[in-house]
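All chains are identified by letter, namely A, B, C and D, in their written order; residue positions are counted from 1 within each chain.
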């Protein structure tokens, strides 16, 4: 495998789908929000993306089966626009990899007719706040008034948007797609279900849909607990691999 | 050389071959087991894989000849299924490299008619145990009862399987191949012939073949001694290369 | 995106254009000088270069819009020769990346009829000097007397020219292009508008054009202040990304 | 530039050329020896290799001109066999790069009819010895007696041959070429003209040619002095690049 591949599970026709991305990142805000949308709105998995830029390992599951690290695309039927939600286990690890994967995601979304993109993430401020602001950064001027009225704050977040949440929009724009990155204000040092909730509130207003937010924090807690456990086990295997005396021999440098 | 290449030494026809992988890894369990199978069952070397993702060096041998680092495929004739055993000196060093090499291995195995894969490895637990468990993680649900009855324990190992042992199965599944990773429980901090023995016992039951295990620990000791010596010498050359005053000059950064 | 791409905004015909490069580097001398030329001579943006070798992030702007990191080509009409000025936010980060991007820049410049290249940069001497020397290093012997008479000092700068300022000339020469790197003597430890001024003085003599230098130091100060602020914000997001507890989980290594 | 390129300066026909490689490495033994052959036997430069895997910089020369880092191929006419000598400024920096460059070198040599390769290098022992041994490691058994009689010691050097000296032979063998790596015993911590001399003595016996060794140590001294000076200057520019306050800004990570 030299490049990322997308495997369609269902050759679904989509009605002007809107791409919504939520991958692991600052405060896990984007991932929590996108995963929640998929569960609450009962998305159908329509495609998977595998990439040589993801870590070279598979995850062992409780049911005795393994699974590859991947991105998944879920389809949610809408009135005017379908939603195509991108969720995943990881982000690619280098610049070149991020650009490659983002290109493949956009290829697929564009082929399905997508012209509008929302990427979800956190905006780290390094402190705890009581507030609940959602910042936005847009590809095109005309989008700003449209979303400002639903509470998105434009022009106050500065610096850079790192990873898929920024690249999908930046690269999408070159292809004529438009969109906004919605960032929930967050401390940055812990998983933040509250920030994800604020992002979802704004997004549901923008899209004119209803998303039940009741189970969000519960899912965030479960997800965090599960991931910590998985990571602890993964760490153990990495250590074992490093310690093996033969290892320095076999991985001759 | 831009991609890994496979050079067939013998254009052998194979009868529904089962791919068995054992490369360097945790406790060297997989490598010890696979090397032992090749020697005991007198495998015929049918192909070699060279890769630009292996270290850029050749090994000097006692007989005055040099050899490239490589993977080797050995064919062992069976009643119903032939065995195609993959052994090697190293594993590729980056994620992208691991995916590339695994893809080339699967290309070859698939071309030879392979539909089932066993990858062998160690499962590091960070302590010494008296037991002798062999954990499994499968690509498909239906395999679990088949191998559970021969003593493979599914669903108790957690975390990730790093490297070829995981990727060959994960990537193979995308191509419609099935398989199981068999992991011998091991400390992780030393070469473990005992864990390799347990893996071989289970594998021979699964395959319905006999493998004499007498010489396994002896070979493990010899192998370890030899590799330590080789590594010491390799280290010396690396140091010399680094120390050479001219080196900083020549490798202008 | 697997390779850098150049997107032409205007399919302008150019009259024997001279490529002038000024990207971030030692003392920011080249970038300051080239940005100043574009502003003073009112260049028209004719093309943009995006690259998977640039950092995987987009910049948030005060106006609520985001922008990708990129190179820009500006066209400035001249009497005999048009000027094609290359400016940008970053330089590529690895050797392979630098060669790739430089190749794409040369492809475009050559297609537009460019045969002569000036790259602008700083020559770090590690101390503050009162002087105002501009060093040169040329691709071809015949260029030396031509530019010496305008004050360029050849043969006194030693060592290497790192990055685009060197590679564009070295690689251009293989394609039959000629050129000179003009380096303003600078401390190296801070942004140096004075050195940029000296480079511009020499360059304007060589090209026989007038460039008003009044606003140069002002722009340098503004630019520096702006960049520091942006970097501080970018740093904050990177830290948040690193701190997120979930991060180690999601970026499983 | 995405791959290494070879540019032929002279489309010379060669009579069964023997490839002789001497690039920077342990004790600079190989480079000293090959450079000396080229000078003493008045080789004609017939081709140059440029690579995106070499450092992204050009060298400034005393004459005011710059030069790219490269490999050069020199042709030396012989009675039965011509010699094609490969010398260069650097070695590629990663495994993948070393394999790519070696592949390109072999493509060219093979196209010119080359079937035999000698690579020259140092064998670091970490101490000073009075002796003058030359170790060998061969691709094929039949070569050992041929060269043993001229004093090459086979089977006593262990560990690995790192870089081009090993890979050209290992990869050449896959293409049906044969050869030997000749390694002069050396401390490893300094440039060693004496070891280069021993390698040249053995090589001239093998090839049946005369090489005047008088100027070798003088050239080694000059070369070392020159390279130290160049490196000092190069280091200064790298430092300046790192110190520039704007640098952290421009190379946004």
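Convention: a contact is a pair of C-beta atoms (placed from the backbone, for glycine too) under 8 Å apart; a residue touches a chain by one contact, two chains touch by 3 or more.
Fair warning: this is a prediction, and the values are worked out from it, not measured in the lab.
Shared contact partners of chain A and chain C do not exist in this assembly.
Ranked by distance of CA centroids from chain D, the top chain is A. Under half of the residue numbers at the chain C-chain D interface are used by both copies of the sequence. Separation between the centroids of chain B and chain C, computed from CA atoms only, is 49 Å.
Measuring from the averaged C-alpha position of chain A to that of chain B gives a distance of 35 Å. The residues of chain A that reach two or more other chains are 55, 57, 93, 160, 230-231, 234, 238, 252, listed in rising order.
Of all possible chain pairs, those that touch are A-B, A-C, B-D, C-D. Partner chain A is touched in their complex by these residues of chain C: 1-2, 5, 7, 50, 52-68, 93, 97, 229-230, 232-241, 243-253. Residues of chain A that touch chain C in their complex: 3, 23-28, 31, 55, 57, 69, 89-91, 93-96, 98-100, 102-103, 122-126, 136-141, 144, 154-155, 157-163, 166-167, 169-171, 173-174, 181, 186-191, 224, 227-228, 230-231, 234, 238.
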